[in-house]
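In the two complexes that follow, chain A is the common piece, with chain B as its partner first and chain C second.
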Partner chain A sequence: MRLRILPKEEIPRMVQALMADYQVVGPKAKGPKFVFEPVADPSEMRLDYNITILSPKVVLQPPGERVATIRLEGKAPQVEPVVEVEPTVIFGAHTCDLHAIRLLDRAFSDEYPDGHYLERRRQTLIISVECLEPCDEHSFCKDMGALTVDEGYDLHLTDIGEAYTVHVGTEAGEAVLERYAAARAATDADVRRLNQVLSAKWPRFTHRLDFDAAELPAMLATAYEHPIWAELGERCLACGSCTNICPTCYCFNVLDSIALTQTEAVRTRRWDSCQLDEFARVAGGENFREARAARQRHRFFRKGKYLYERFGTLGCVGCGRCIRTCLVHINIVEVFNTIHSSA
Partner chain B sequence: MTTSSVYAPEMARVAAVRPLTELEKLFTIELPDGRSLGHAPGQFVMLSIPGVGEAPISITSSPSRSNGAFELCVRRVGDVTGALHRTQPGGWVGIRGPFGHGFPLEQMRGKDLLFAPGGLGLAPLRSLINQVLDERGAFGRVIILYGAKRPAELLFRDELEEWAARDDVEFHVTVDRGDESWEGHVGVITTLFPLIAVDPRNTVAVTCGPPIMYRFVLMELLGKGIPETQIYLSLERRMKCGVGKCGHCQINDLYCCQDGPVFTYAQIKNVPEAL
Partner chain C sequence: MAENKSQGARSQEKVKVAFFDFACCEGCQLTVIDSLQTHLDLLEAVEIVNFREASSEQRQDYQIAFVEGSITRQQDEERLRRIREQADILVALGACAHTAGVNALKNLHPLEEVRLYVYGEHADWYDTYAARPIGAVVEVDAVIPGCPIDREEFVEVVKALLVGKKPPIPDYPVCVECKLKGNVCVFHVGKVCMGPVARAGCGAICPTYGDGCEGCRGLIPNPNENAMKEVLDEAGLTLDEIMDRFTMFNAYRELEAEE
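Entry: the complex of A and B
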């Protein structure tokens, strides 16, 4: 579709207009960091952010959500499935997080489609932003092929100075642009400027993996007994932060609770973590992944091998969030490079 | 917004409760409108008690004996199973499923069958055993080697007696420790294997039991020359969804709930987290 131009001063007006019909979730400052949160005022939105603490996964798979209510008052309990959904615009997602959402799309739509995720996905528009600078020294999106994107967005913005270029990815995106924003057609000069900006960005991002990420599944296949897992197991605090902040982690728990009045029971789904001690423990007491070393190995194998084998996509997008958050400095780039160097 | 959900259970009625041992009870469960569960032997359901929680439970009744109801043999071991044990006939439970891949009945036809359940492992195998006995002519020999810790822990004693009395079933039972009333075989389940000879190429073996049991039973089965592709196991894991998403039941790259819970030994031989 035709490239458009959206002057920067148009963005607040566009956000304000969208807010009339959608919940707009965008990057906002939180102390020295950034978070994706519902925007109450367009001026809160910080499209110049580097990286958010949690990815926009929070919109599509919230940390906690009700999936069913069971009414207990009548003769027989009545089950009411619940899908918590609200028309939403994710405004300002970076391309790494878009790649992660594409993986979540696959995970939640295979053999047994997950109507909770998929209905929210259906009612969510994504306006993404091209990254022109690395977030910090921890991002390795270039290695993971997530430094740019050619699908998965409704609209994709690139900062060319005074304005953003707008790539339209879907008909819904075209309609949004039509209805909520005053964009003009791009001129030849705009296209030249865009090409300059895009070719200037690539050298700013460095490779941090010492090898091609496509080698990860084969590399890990021979690294199951690598001594690094025991070493990570010694350091890991099993706090679960790495999986909580990961944009491609989607494991969850399903919990039932009952109202004090005893009139209804509620089934909720919450994020869970394979790093927690009880994750693989059965009621009889057997724990099928008891050692922290085995749990750490499981996380890295999911990222570099298991999800690839299941969905054809690596489970890591190189956002670096797990590196920034880990209290004991477990670093996925170092882990993969260490294994590679000893292979 | 209200719609359907793969995580929302269907409420079903507990039609009957029968104590089997100190810890295990047999629950007969009826779906609304007398509908059949439509399961295959080896599949499981997610069973829930409203407000308490949900757990995966193997189906112990055979499809051939469904009569519009199905049976779950449940050990009282945690919150959900504890609440289930307090449920009386007429009470309600939540059911999702059936889920997972069961035993490949078609590939077993014409073959000799060797069942080796240990303890509560009889629960999922009983579904298959009774299905086989209801189509007895379609199979070769039926050998059942059953082991339990103590005589008081033997499940389905009435059916064990029937199996023992049939001359088309070779049934051997053992307990790890006997008691004053026990006159049968004493010893772990592997001590039953020398009692039988099999034609390994034509035999399909099926085992289920506590994790510790598998290694020793597998040694016996392989020792008899039964091919790895003809040895079936049913594995237990924590499960929260039953539909391949929540991640809890993952066994390396396999999902117990979807790829299993029934696996061949050949499938899991090189999967370190399996046993």
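Entry: the complex of A and C
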């Protein structure tokens, strides 16, 4: 599809227009950080953000959501599914988070399709933004192949100075652009400017892994007994933050809460973390991943091996959120480099 | 654990509950009274037969007893044992009953010194001893942590007890609830927080409003205390300040661990 040009001053107008028909979720400042939250005023949106605390996954798989109501009157409980969803535009997702959403798409449609996720996904449009500068010293998206995208968005914006170029990824994106934004066709000069911007950006991002990420599954296959897991187990607080802020983690727990009248109950699900002591505790009290070392190993194997084996995609997009959040400085880049150097 | 006679409470008769207190500020009972105002159906589900803070009724035919406060005297033990004998289910209500809370701070000092400080020349009139959680004296069937308790959690515990389920008290740390809320980590704005090792269930209320967690709900099972001490050290706390963080609400536990 043709490349379009959207002048920067058009963005607030576009967001305002979208807000009439959609919930617009975009990057907003929160103290010294950024978060993806519903936008109430286009001026709140900060497309110049570096990285958000939580990824836009919060739209598609909310931290907590009601999934069913259960009526307890009568002979057998009657379960009524609930999908609380409204048409939403994720505005301003970075490409690492877009790669993560593509992984979630696979995870939630594989084997047991997840109606809640898929319905939210169906009603969500994604407008992504090309990153031109590294977030900070912790991102390693370039190593993980997540520094750009060629699919998975409805519209994709690249800052070329006074305007954004707009790549149209889907028919829905095309329709949104037609209806909500005053974009013009790109000229040859715009295309040249875009190519300059893109070729200038790559050298700004450095490789931080000492090896090709494609080696990860094979490297980890021989690292199950590596001494680094015991060392991480000593340091790890088991606070769950690394997985809770991860854009590709999708584990959840399901909880029922009964009303005081005992005539109905609400079933909710919320994010769960393999790093928590109770995650692998089963009936009878047995915990099959009791040691923090085993839990840390599980996390790194998920990112570098297990998801690749299942979906053909590595489970890490190099956003660096887990590195920033970890209070004991467990650093996925250092862990992988250490294992690689000792192989 | 006493046999759960309240199972099958969906029959006509309401479950009878009672509230008792020992050494405490009664703030948790105030939170219960608050919850009665926001959850009117609580009184449809249970009958309160004994609640000194809220009612003049003093019946002894209760099935569930909620006990606030720490045990600090010999005669407290006798009273608590009588409550235990009557109740099918005994619930520790709040930090003082659950972990001995701030009351146990006195255990860090010689008892004579503490009594003299509090009661002055009449110190020998009061035969107090080291503060302890009610679980140190009698078997406790359930706990509602916190200083004070969280009213929503109180209601959830009541619901669980009425249907004979284990109350849903989290075993995971405050960091989990804080991350799910998308909060800015207070460590990243130069403050300190016990969230990585403190038990969740409060909705991370203190960090949500920009303050570090004090650990009022006790520590999670298997906390990595060494790693936590290193985090606090890196945040600039002295060794004494680090120990203060660990003992503010968990002095009883820390002293037990030393023995």
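Quick note on the criterion: the second predicted complex is superposed on the first by the 339 of 343 C-alpha atoms of A that agree within 3 Å, B and C clash if a C-alpha of one lies under 4 Å from a C-alpha of the other, contacts with A are read in each partner's own complex, and residues count from 1 in each chain.
Keep this in mind: a contact is a pair of C-beta atoms (placed from the backbone, for glycine too) under 8 Å apart; a residue touches a chain by one contact, two chains touch by 3 or more.
As the structure is a prediction and not an experimental result, all values here were calculated from the model.
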Checklist entry - Of the partners chain B and chain C, which touch A:Glu10 in the superposed model: first, second, both, neither? => result neither
Next on the checklist: Which partner chains sit in contact with A:Ser257 here, chain B, chain C, both or neither? Use first/second/both/neither.
Outcome noted: both
Checklist entry - Of chain B and chain C, which one touches more residues of chain A? => result B
Checklist entry - If you stack the two complexes on chain A, which partner ends up touching A:Ser241: first (chain B), second (chain C), both, or neither? => result second
Checklist entry - Thinking of the overlay built on chain A, is A:Glu65 touched by chain B (first), by chain C (second), by both, or by neither? => result neither
Checklist entry - For A:Glu309, is the partner it touches chain B (first), chain C (second), both, or none of the two (neither)? => result first
Checklist entry - Taking the superposition as given, does A:Arg269 touch the first partner, chain B, the second, chain C, both, or neither? => result first
Item to check | Intersection of the chain A residues that touch chain B with those that touch chain C | outcome: 255, 257-258
Next on the checklist: Considering only the defined contacts, which chain C positions touch chain A in the complex?
Outcome noted: 9-10, 39, 41-42, 44-45, 155-156, 158-159, 162-163, 168, 171-173, 175-176, 179-185, 187-189, 195-197, 220-222, 224, 226-228, 230-231
Checklist entry - Mind pulling up the chain A residues that touch chain B in the complex? => result 67-68, 70, 72, 76-85, 107-108, 110-116, 119, 224, 250-258, 265-267, 269, 272, 274, 279-284, 286, 288-289, 294, 298, 301, 305-306, 309-310
Checklist entry - Can you list the residues on chain A that touch chain C in the complex? => result 30-33, 35, 37, 53-54, 58, 63-64, 234-241, 244-245, 255, 257-262, 270-271, 273, 276-278, 292, 325, 327-328
Item to check | Residues of chain B touching chain A in the complex | outcome: 1-11, 48-55, 75, 77-81, 92, 94, 210-211, 236-238, 240-241, 243-248, 250-253, 258, 272-273
